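Two complexes are shown next, each including chain A; its partner changes from chain B in the first to chain C in the second.
Our next item is the complex of A and B:
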């Protein structure tokens, strides 16, 4: 734990005092204190995105639940990371994501490496209670390297940020709005080798089976079996 | 200064991102709609990625990316208007011009689309024809309003 000093901030997290440095996010402090908060859009090597809201926590005095991945700590904050209210919100968000997600998990190559699945399992999310439309897109496999199955995309925007910040390219962007939102290439054309250098960076950050390597299909281990945390 | 030169100037000064919306609006007025070709050209001039320009253009329903008729009818489909029976207005307009939302009449006189809240909830149900807002609509008024637009 950081030593008290200039720039040290003390907050209360789940009833115990925790110290962090200025500029730290609630999520960073929680992780440093050994508290696990689920995330989907957040990625340590990318700037904050804040689109999925899975990481919400309760901050005393705040009007709403706040996303811990991009909220900086402030002196005297009183934070609950696993209150009933927080868990209910996380579960609802997961169920909403699942409601528009294809039911192809059993045959999906991402299988047990899928972060959406991890989050849903950990939260013991139930069968979605809402009936929504599914977002259906044809699988895009024009590129010899990368396959895009955007029906599985949760619109976390990690790939967009990774392409810009890690790869230094600007191939992927968000387009359209609301239910029709989609990660596009240029004017919504297929990702092919003309526009993409095949650096794999977006594939590695994608939390779901939306992006995968072409060769991967069925050729890699599907990860460890999932265990539900008690 | 013509538009292309102006855009290139903005791009050179590195102000492409801040001027993007204004440029898209102007381009939409002069080209009628923002086709992929127009977007590629604007992006090159503004020195922005094509995807970024396309993303902004497709986010705003007032920046059409598809060709539109001479008059554009937009009926609000958000909840306050819905509660005030906007569906009847939608049906009445659809019947009067014989097309469905998303379509344009064969004579190019009207395009018809549904839009999210246009800020006229106090006058629900509301619609816009081109830049004019019509509120407190009843089916009986539709024919008269449409006749105003040739």
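Our next item is the complex of A and C:
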């Protein structure tokens, strides 16, 4: 734990006092204190995105829950990271993401490396109670290196940020609106050799099976084992 | 209470194309007073003392916002007038822009002086393109007369998205990007347009400023209720005899607006504040119009007994699903799923658990969405479930017990 000094902020997290430095996010402080908060759009090497809302926590006095990955700590904050209210919200958001996600987990190459499945397993979120619309796009395999299966995209936008911030390119963008939002190349054309240097940075940050290397299919299924909590 | 005449004082009185007619009504005296006889800090203090709150929907104290922006350490600051007026059933800003463009310009210049901003933008709703030349003409006339003291005002036209009325999405759009919400904090007074401290206010909010500066905060606080000072301009539409724009003192009863002025009869429900607003049953017409009770952006849509509330809520949800920017998961997926469930209700196929699910979904959307759209998207749904359960029951067989 950081020593008290200039720029040190003290907060209460799940009933215990914790100290962090100015500019630190709630998520960073929680992790430093050994508290695990699930995330989906957050990536340590990328600037905050704030799109998935899985990382919400309860802050006393706030009108809504707040996303821990982009909210800076402030002196005297009283934070609950695993209250019933928080867990119910995280579970519902996960269910929403599963509702529009294809039911193809059993045959998906991402298998037990899928972060959506990790989050769902961890939260004990099941199939949604109500049937919704699925997101359906044809698989894009024009590029000899990168395969895009956007039906599996959870719209976290990590790939967009990674292309811009890590690869220094701007190949990927958001297009359309609402439920039809989509990560596109150019004016929504297939990803091909012309525009993409296939550095595969986007593939590495994708939490689901939406982006994969063509050669990878079926060959790499190592990952965290899934377990069902009793 | 009689109709008020504060914000709309000049509408229909002056010739909006001629600066001299505005000057003849005492125009630009407030700016002269502010920049001549008051320090910027005094202007902010006066606005704070007036208790003026934002008219764009959220009701945030204007003086506080200006104070934060004034104190933010930065060379460059901006003032934005939110003229996106996208809320369903609002047309009061349009009436103001058409009738009193100089008043808005004067108010923006006062805001610029108060917070230390040299540049202002009017973010004009795409559908109000026909007002652009009129506004630009007003700016040019005021500038040529040297009335703005170097304060620059530009007009920026939106592209037709509802969410771009939300302040963060508006700034993204103004910066030339995709109109999508940014997370907060940082808030605009510390980091707004192009990362600089920014004051953003609704058209109607700004219109009260010159009056407050000229007549003093004490004059303004005498009007309205304890927590809602001044007047409010309403756009009334729907099943009424006389739809239109009405200005009333804060705290007036809804009945006066809907029945006496707009001449509604047989009112079943009133939708206050548009698609993300509240749905009040006819029995609640004595509610007073203020921030303490119900206000929103001033959109008042009246429904008579021939209307079906399930249809109305369905239309609201369809609208919001269409207009969701799609950035955050709860709103993007939630609005869509609500529409799907409503389709089932309309087809007579809904089950009790669908209603329970809608309520749980509503809670999560309100608690976790990134902006006001997703947070308030379920509000007409929840109101309809508490006030018009019969409408749902009529559509479903086994709903008994689900609706409270």
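In the analysis below, the second predicted complex is superposed on the first by the 225 of 230 C-alpha atoms of A that agree within 3 Å, B and C clash if a C-alpha of one lies under 4 Å from a C-alpha of the other, contacts with A are read in each partner's own complex, and residues count from 1 in each chain.
One rule holds in what follows: contacts are C-beta pairs under 8 Å (C-beta built on N, C-alpha and C of every residue); 3 or more make two chains touch, one makes a residue touch a chain.
Fair warning: this is a prediction, and the values are worked out from it, not measured in the lab.
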Fit or clash between chain C and chain B when superposed on chain A: clash
Chain B versus chain C as contact partner of A:81, first or second or both or neither: neither
Partner chain in contact with A:174 - chain B first, chain C second, else both or neither: both
Partner chain(s) touched by A:188 [first = chain B, second = chain C, both, neither]: first
First, second, both or neither for A:143, with chain B first and chain C second: neither
Dominant toucher of chain A (residue count), chain B or chain C: C
First, second, both or neither for A:212, with chain B first and chain C second: neither
When the two complexes are fitted on chain A, the stretch of chain B hitting chain C, from 26-34, 44-52, 98-106 or 116-124: 116-124
Shared chain A surface residues [contacts with chain B and with chain C]: 173-174, 176-177
Chain C residues touching chain A - in the complex, by the definition given at the top: 161, 178, 180, 183, 185, 321-330, 332-337, 340-341, 353-354, 357, 360-361, 363-364, 366-370, 375
For the chain B and chain A complex, residues of the former touching the latter: 36, 39-40, 49-52, 54-55, 58-59
For the chain A and chain C complex, residues of the former touching the latter: 48, 50-54, 56, 64-65, 67, 70-72, 85, 88-89, 92-93, 96-97, 99-100, 129-133, 154-155, 157, 173-174, 176-181
Residue ranges of chain A in contact with chain B within the complex: 170-177, 184-188
